[in-house]
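Naming follows writing order (A, B and C), and every chain is counted from residue 1.
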Amino acid sequence: MRLNRKDLLGIEELSKEEIELILSTAASFKEVSEREIKKVPTLRGKTIINLFYEASTRTRTSFEIAAKRMSADAVNISVAASSAKKGETLKDTAKNLEAMNPDCIVVRHSSAGAPHMLARYLKSSVINAGDGAHEHPSQALLDMFTVKERLGRLEGLRIVIAGDIAHSRVARSNMHGFKKMGAEVTLCGPPTMMPKGIESICGVKSDMKDAIKDADVIMMLRIQLERQKEALFPSVREYSRVYGLDNEKLNGSKKDVIILHPGPVNRGVEISPEVADGPWSLILEQVKNGVAVRMALFYLLLGGVKE
Amino acid sequence: MRLNRKDLLGIEELSKEEIELILSTAASFKEVSEREIKKVPTLRGKTIINLFYEASTRTRTSFEIAAKRMSADAVNISVAASSAKKGETLKDTAKNLEAMNPDCIVVRHSSAGAPHMLARYLKSSVINAGDGAHEHPSQALLDMFTVKERLGRLEGLRIVIAGDIAHSRVARSNMHGFKKMGAEVTLCGPPTMMPKGIESICGVKSDMKDAIKDADVIMMLRIQLERQKEALFPSVREYSRVYGLDNEKLNGSKKDVIILHPGPVNRGVEISPEVADGPWSLILEQVKNGVAVRMALFYLLLGGVKE
Amino acid sequence: MRLNRKDLLGIEELSKEEIELILSTAASFKEVSEREIKKVPTLRGKTIINLFYEASTRTRTSFEIAAKRMSADAVNISVAASSAKKGETLKDTAKNLEAMNPDCIVVRHSSAGAPHMLARYLKSSVINAGDGAHEHPSQALLDMFTVKERLGRLEGLRIVIAGDIAHSRVARSNMHGFKKMGAEVTLCGPPTMMPKGIESICGVKSDMKDAIKDADVIMMLRIQLERQKEALFPSVREYSRVYGLDNEKLNGSKKDVIILHPGPVNRGVEISPEVADGPWSLILEQVKNGVAVRMALFYLLLGGVKE
């Protein structure tokens, strides 16, 4: 089976059935990374370009490893923000890359909508690896995969997403995803970090202990420390005291709650080290599942022949 | 058949027969990039190093994709100008790389003649991927390939190259190439951008409409906007008005003229968007052919066994 | 046969038998790089990550080529010192990378002990590609390989290591290695560049001609010119005059002495061009052997099946 679409741009546009297809395909690829020989010939002779306008060791590496384990040829291009400004347009760059016959362009860009524009202009598949504060669909898919693998289902679960919701593409993609799958999403964070009018879509709470007390899943977001200049919160210490997840706050939550974080973690800021490394944390499992989800995306979009 | 030389350093040194061999070999590799499985085993076990002393997303990617589609191992090394200055000499770097038994070193350098020096010292094949304002032979080969594929021949064609001729390795390589193949080359640009004494080799015109009126091919060069400090032209707007190619100037040219540009394009400066994206533009076809030409060069220099 | 250890962190911890195993395995891999098809399928489906916190064209390229010639998938990650400071901890980065199921992480870091910390936390193999002024074991192994290949033995040889001993991980690894193999090591350099109390372990001489007169092997270290601010030596010219190896100083040495240098060479500083390029210099042979030694390390640690 294949996804009946050329691109993966966001969770918002996916149907529940498509998400289920991606998650079950990822499950079948996960064991490849645990074999002695971590490689399937599925996408031999395919060319995948990682076009990153924002630096990201983790996400780029995950896509690159996923491509190589599928036997595709992976080409990395990182464009510094400075040179992007004076150079050719994103569209011209992409049209030029496409002329080299890649099968898929994985793009990360600081502008919301950049991958969508590319997808419209290109015949190649486009995967959004994060566009501004808009979407980061492969992250949400790996988060859903991780929860489903652990808890057996998504339907009916209570998910709390906590932190800087307004500026988080991870939060946005996960809100769409978990709601589509029948989970109930509650947001928690300072009012300055909450999108306007979000109450009409999700539950919103401002007190962390209150928010997490019935949660099945707590997803902590990374605080962009560089945003502090915008004075969205009084101080890192204050933020951490009120919204940071530590054992004290976790005391009031369910015994088998699971904790996610998209990484990289600011230890002692949004999450305490004992929680990040504790028994309920699935942070590293998320990273592991990221490779499987990306292998599945390449497979479903590029239509390789399965082993 | 093989090229009877170790290196590809410039078009100036190639015979007409060698150019024909490269172009016909490239034609046979072009379809590889259009297959489902874009890969031939020809250069399996060969090591190709891309050694770039100047940043170039496009050219480096084209060589890397060409290498990978031939099943060679490609290794990218980019040396920042700053670190090159304080570090070891180019010769030492190259001798050290050669000690690792690469089959081919693709080198781009800001100094004219750098690849020639390497070629003299190394047993590996050296491909010049652009040396200062001197030559960029793979670009000229892909330009000739593109023209020949479209118009069926090179002999007798009228080629106009327009822009900053004096500082352009693309112009220099193309002048040599098209003239060798029996085409007639006319240059057009401001007198400050014209090499001294060039009139003895090519036609020179200063008026664009006059220059292009009988042209079969118009090759627009990229203006290095950073050169404007040298006051080679009064202003970008002025340059664009007098030498930029737009529909108005194109009006007086042949109905089936074709337009080339080595990229990246400065839209609205040396070429207007409607011309760059218009029906006579082969800009993206040039990029596509670049991969085929580079596959052919690797094949002809490294002597792989054809599928 | 395999190394009975997960990691290669330093020469200090290796037994004589382990070093012999590595050197003899490297000998068997050396010819792979001289074949028409420079590739064995031994490590197909293995993932090797080069995680470099310090820039190093040469060492990274050598590990990358070694990995590719073994058919492993190589992924390069270079972390700028600046971003490492503000980002996640080294341990978190490594745990996250490990979650992607690499088989081996090759790490270079400016802090002594960084690879050892990683090795403790990770299940993947860790190879130390240089940690601060501590160890650079693959360099010492390729140095021993080069000497043994040329002179037929290590036992009983007289090795002189000259230069900035105190700050050199190359010196430290080689001291351990050559002494384990039964060679006699003498150090030579300015007192400011000599580790305290080193006389209890190695011979120490301050006069170069005296130090090298009976040497079988002279290993010159690279002077870190940026250290000159610390005033470890009065001037480059003065250093070169007293400790630089040139033909005049070599006059008093054995007729068949061999000369090593880990590169990159500062020509005219620690070694004169005529010596670096002369008949006794094995500098490029060292680089060539580096690929073979690193192939052997991957093989012995990752347990591939031999062709």
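Odds and ends about this structure:
The definition used in the following text is that a contact is a pair of C-beta atoms (placed from the backbone, for glycine too) under 8 Å apart; a residue touches a chain by one contact, two chains touch by 3 or more.
Just so it is clear, the model here is predicted, and its values are computed rather than measured.
Chain contacts here are complete: no pair of chains fails to touch.
In summary, the pair chain B and chain C forms a contact in which the copies contribute largely different residue numbers, shared numbers making up under half of all those used. Centroid to centroid, with C-alpha atoms defining each point, chain B and chain C lie 40 Å apart. Looking at chain C, one finds that none of its residues touch two or more other chains. Contact residues of chain B toward chain A in the complex are 33-39, 55, 57-58, 61-62, 64-65, 68-69, 225, 263-267, 284-288, 290-291. Across the complex, chain B is touched by residues 44-47, 49, 73, 75, 77, 79, 83, 86-89, 92-93, 95-103 of chain A.
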